[in-house]
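Going in written order, the chains are labelled A, B, C, D, E, F, G and H, and every chain counts its residues from 1.
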Amino acid sequence: MATKKKPVVSIVMGSDSDAPHLKDAVAVLEEFGIGYEVRVLSAHRTPDEAARYAKGARKRGINVIIAAAGGAAHLPGVLGSLTGIPVIGVPMMTRAFKGIDSLLSILQMPKGIPVATMAVGSAGGRNAALYAVRILALTDRRIETRLGRHIKDMAQQVLSKDRRVKRQFA
Amino acid sequence: MATKKKPVVSIVMGSDSDAPHLKDAVAVLEEFGIGYEVRVLSAHRTPDEAARYAKGARKRGINVIIAAAGGAAHLPGVLGSLTGIPVIGVPMMTRAFKGIDSLLSILQMPKGIPVATMAVGSAGGRNAALYAVRILALTDRRIETRLGRHIKDMAQQVLSKDRRVKRQFA
Amino acid sequence: MATKKKPVVSIVMGSDSDAPHLKDAVAVLEEFGIGYEVRVLSAHRTPDEAARYAKGARKRGINVIIAAAGGAAHLPGVLGSLTGIPVIGVPMMTRAFKGIDSLLSILQMPKGIPVATMAVGSAGGRNAALYAVRILALTDRRIETRLGRHIKDMAQQVLSKDRRVKRQFA
Amino acid sequence: MATKKKPVVSIVMGSDSDAPHLKDAVAVLEEFGIGYEVRVLSAHRTPDEAARYAKGARKRGINVIIAAAGGAAHLPGVLGSLTGIPVIGVPMMTRAFKGIDSLLSILQMPKGIPVATMAVGSAGGRNAALYAVRILALTDRRIETRLGRHIKDMAQQVLSKDRRVKRQFA
Amino acid sequence: MATKKKPVVSIVMGSDSDAPHLKDAVAVLEEFGIGYEVRVLSAHRTPDEAARYAKGARKRGINVIIAAAGGAAHLPGVLGSLTGIPVIGVPMMTRAFKGIDSLLSILQMPKGIPVATMAVGSAGGRNAALYAVRILALTDRRIETRLGRHIKDMAQQVLSKDRRVKRQFA
Amino acid sequence: MATKKKPVVSIVMGSDSDAPHLKDAVAVLEEFGIGYEVRVLSAHRTPDEAARYAKGARKRGINVIIAAAGGAAHLPGVLGSLTGIPVIGVPMMTRAFKGIDSLLSILQMPKGIPVATMAVGSAGGRNAALYAVRILALTDRRIETRLGRHIKDMAQQVLSKDRRVKRQFA
Amino acid sequence: MATKKKPVVSIVMGSDSDAPHLKDAVAVLEEFGIGYEVRVLSAHRTPDEAARYAKGARKRGINVIIAAAGGAAHLPGVLGSLTGIPVIGVPMMTRAFKGIDSLLSILQMPKGIPVATMAVGSAGGRNAALYAVRILALTDRRIETRLGRHIKDMAQQVLSKDRRVKRQFA
Amino acid sequence: MATKKKPVVSIVMGSDSDAPHLKDAVAVLEEFGIGYEVRVLSAHRTPDEAARYAKGARKRGINVIIAAAGGAAHLPGVLGSLTGIPVIGVPMMTRAFKGIDSLLSILQMPKGIPVATMAVGSAGGRNAALYAVRILALTDRRIETRLGRHIKDMAQQVLSKDRRVKRQFA
């Protein structure tokens, strides 16, 4: 799943146990041929490293940060407060609160430091990558074209399922 | 509050009763000198107009759509399914569910059609505009510089409040 | 489970993964001898097809649409905004929010575009079909008679369970 | 607000304190020229009267029952268990639970006894009447025509608000 | 588990699938030597039988009704509205709402018709029986004595667990 | 509002700010001519007094304890763990959690120590007193007769409201 | 309200709009004669200052940090990750989520970085100060004595309210 | 896992079924070489023993009480009301309410009796012990040094995971 391309999207997770929920995100970036890097950074256990990473991201060519975190889930907001590039937060599922804690901790950022929140779990992970694609497509014709095809492919999949179900009940 | 600039950001609301919660969003775009347009489009009462608008947005030069809606709040998702440009959803406060209905209707988009969700209400409105600013800043040095200053100004405001409170209790 | 009758009830699902939760709905329509059709249509991935379907439903003889969807669950509301026939929404269970997201996205329709919401999951699916039966029974004596019998049969089942339990503890 | 027409729609409330939230429902039926009656019946304080009413409704020509109730909100379900005609439940706002109690008590009916649930409060009241209109429109061309006009009028209102807002920000 | 004693406590469930959650309740009544009967009665599928049962309960010597129900869970309230004897409601666990629907439907009874609500599930079932015991103990010295012993036994069980755990970590 | 009768019902509140929500409870006991006492006892601020009170209640002739508390709301459970007489808990409204905290703290008592939970706020207060009435009516013919009349009076009130509303819309 | 004592407790708020909810906390520290300082520091708008403050707190003699924050409420966790002294978090009330967002963002800290969470709002603010008192009382006999008196005074206040209410209903 | 040291931290659980969720807490205290004791005490089933224990804790040298409880979860508050030493509450997971009942019952203590609430379940258990460590570290240089190392070790673990993940996607 490795890529040689210079990373423009960064996927950061608060714990390596979040990795399985970000597989889809990685797959999307691979599919669109977008360079990316994957990191484990904890807002609470490695606060200095996380701060350094966020402050240097833009210089290193990163255009979008996808940050996944669960529970108190401060990571997306902490990164967003230390860089001016768009941050997309992916709330991870939790046991007691089913990810509502992660969601609110990411969503309820104060005025001035916006974070784009996605759905809880791996669906949110996939959509985070597709949102990064939409941002990059604004200034990259090749990506925009692929995005158009991607949307059409999804429609085709639904339509073929529709035909199958229609036949089944005809 | 009018601007002559060619709109690159679109602010769409599901009902004109949402307008007060989007004032901050407009103010941010004015402050950054970004061209914008403001529209009332209902996913349910004017579905055809909403569809037409979303499909034509990119051609007309729109780069980001900010869509505010309350309750079933389908507007951001409906627009996002008909255009490939980034859509930012702002959940409006509601009486019975305090905006949780609006939030979930915007947040829980299926895999494939991402919408960036902001906090409920006017704080979310302001941050939606600042998120649009972050997206545009990626390819516009002037906006990026202003964004850096904006972040520093916010810090200064907190620091001056800190000094005032410190003195008060010294 | 196929039927030759001209469809008057339409069962639409947002994803074919919803199909198992609609088996009961199909079984009810079969039991009452009501013509139906089953479709997969996504409000977000096939917005144009969904719109076309809703606009043409009445002309094609459809009297009631049962629409199941999960998460942002826009399908019932989107269909209801494009046709004047009664739409019954069935919220699908979801992992993070246990179907509360689906429920609120269907329930909280704005003034003017009503959708009849049923319970979450397959119980809601079964009841959606029985609600369609109630609507059709208003103008179809044969269906009305069967409905009366159906209600009496349910009572008999409870009464026989009551006898069994009473004996067990006597 | 009185009407001479033979009632085909029944509006029942669990307490006369619910009346203000049903004004919109009455207004809709008046607008569409549909005969209706308004009753106060408590599932808990007048259980026998409520039962008698439900059992006799169909005979008396009622085609749809709109039942509003708050808190434990058993009224719609109790009526629905004693008649075969479609019942539409409108959950009333409550102080402690913001109508979520009313909503769940109406929504979560067991398999076999469907109730169509609307949004909480007067928006739900209005939509309940419009849902009754949709049911009646299936077999009444005059009502169907008016419904089509009603939907177009709503679109026009949104469009004129759109024009106003567009001008304001142009 | 049968008993010959004249029933003074009635255990009613809305569906025989609730029976496992009432085993503890039966066991408590057996332990205290209290006569009881067990019934299946549905507020919605057998409304007339449920009404008849509630109205005749006092005459037949029933002093307390324990009513378990899930979802819309109208049974305890419906019984309580048709008899003057104390009703204890036990909310059953549900899949989508984890019993919160059952709980609110039982708890939020209107002024005038009280129902005593217990915890969700079989813990609530057990406590419902113990609450019936407390009511009967007010006028039955033998039951009161047993209740005192029961409370002391519970304390002894905790104390012996405490000793075991203390030793384990000493 | 004082009464000379020997108290058999005790109304205990965790804070005197709960008093207004218990007025209805007092009024009910007055109406039924039942002796009662009213106390302020805090499970947390006066734990020893609360314990002493619960332990001595039965001896002093108290048959039912109504305990109102908000927030952590330990009072009903603490009293119930120290006496064998029935305790009825009334959850008080709270600002942050709208009484859900009070409700769960009272409802979720462990197996062995039952507390009868009523609705949140003054409706729950009124019903707590009526539940005490139901318990006392089991062995007091005079109270039972008054309870029957009370239930009929409530029905009459609903019926007269029904007549008024019916006329209004006739 | 100023104090000359060397600060050992630090009260930090994320925004000066939180100040009114911390008045009680200040009053408690004044009452116990404990030195304190009050600061405004934002985890998101002044991340560097907040980090510097937390890292230097122990050296400057601070023993306990009370941190109040609302919404995403990262402040207590961010401070706790940068110092080893006990941090007490006070969730501020919010409009949409009634402080549940603030609560979960503070409560759900990952393993390794504990934060002590108090109740939402000013009650939590007061208790935060009393918790700091409890910590300091462990090694300061004078504070411990005052704490004992404080607890007795609270009991006396409840008892005198009890006497007043008892008289009122006697 | 036994220790000979004089206990300064007390771990109390409401039921021995909570023990597995406190293993981490015990492990932390062992790791830091802090003396502790483990007890089973029920606020409801052994109220007198619980009271005696809390009142005598300080005299016996206990400096911090960690109290775990589920459901109505009164234990931490009851202990905290009977001693002046810091109490840390750990809400246990529950089936119906996923620990939200336990959380609110512990969190929402009234003004005057503070309890420090941790996250739900064993993560909260571990952090409770680490919070006790932070309190003890204030006056014990050896523990403070170990705590510093513990925090650095956690950072190292994250950094090594980061290196592994980085390599994997390079």
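Operating definition for what follows: a residue touches a chain if its C-beta (ideal position, glycine included) is under 8 Å from a C-beta of that chain, and two chains touch if they have at least 3 such contacts.
Just so we're clear, the structure is a prediction, and the values are computed from it rather than from any experiment.
J.: If you apply the touch rule, which chains end up adjacent to both chain F and chain H?
T.: Looking at chain H and chain F together, the chains touching each of them are E, G.
J.: What's the call on chain B versus chain C, same or different interface residues, using the half cut on shared numbers?
T.: same
J.: What is the size of the turn, to the nearest 5°, that moves the C-alpha atoms of chain D onto the matching ones in chain H?
T.: Superposing chain D on chain H takes a rotation of 180 degrees, nearest 5.
J.: If you line up contacts by residue number, which pair in E-H, F-H or B-C shares over half of them with A-C? Let me know.
T.: More than half of its contact pairs match A-C, so it is E-H.
J.: Distance-wise, how many Å sit between the C-alpha centres of chain A and chain F, to the nearest whole number?
T.: The answer is 53 Å.
J.: Go ahead and note the Å separation of the Cα centroids belonging to chain F and chain G.
T.: Roughly 35 Å, centre to centre.
J.: When you check chain C against every other chain, which residues touch at least two of them?
T.: Touching at least two other chains: 15, 42, 45, 71, 97-98, 100, 107-110, 112-113, 119, 123, 151, 154.
J.: Kindly provide every pair of chains that touch.
T.: A-B, A-C, A-G, A-H, B-C, B-D, B-G, C-D, C-E, D-E, D-F, E-F, E-H, F-G, F-H, G-H
J.: Please output the residues of chain A touching chain H within their complex, sorted ascending.
T.: 1-2, 13, 15-16, 19, 26, 36-42, 45-46, 49, 71, 95-98
J.: So in the complex, the part of chain B that touches chain G is made up of which residues?
T.: Listed in rising order, the residues are 93, 98-100, 119-121, 123, 151, 154-155, 157-159, 161-162, 164-166, 168-170.
J.: Spell out the residues on chain D that touch chain E in their complex, using ranges where they run on.
T.: For chain D paired with chain E, touching residues are 14-15, 42-45, 47, 51, 71-74, 77-78, 80-82, 94, 97, 100-102, 104-110, 112-113.
J.: Write out the stretch or stretches of chain C touching chain D in their complex.
T.: Against chain D, chain C makes touches at 24, 63, 84-86, 88, 103, 107-114, 116-119, 123, 126-128, 130-131, 134-135, 137-139, 144, 147-148, 150-151, 154.
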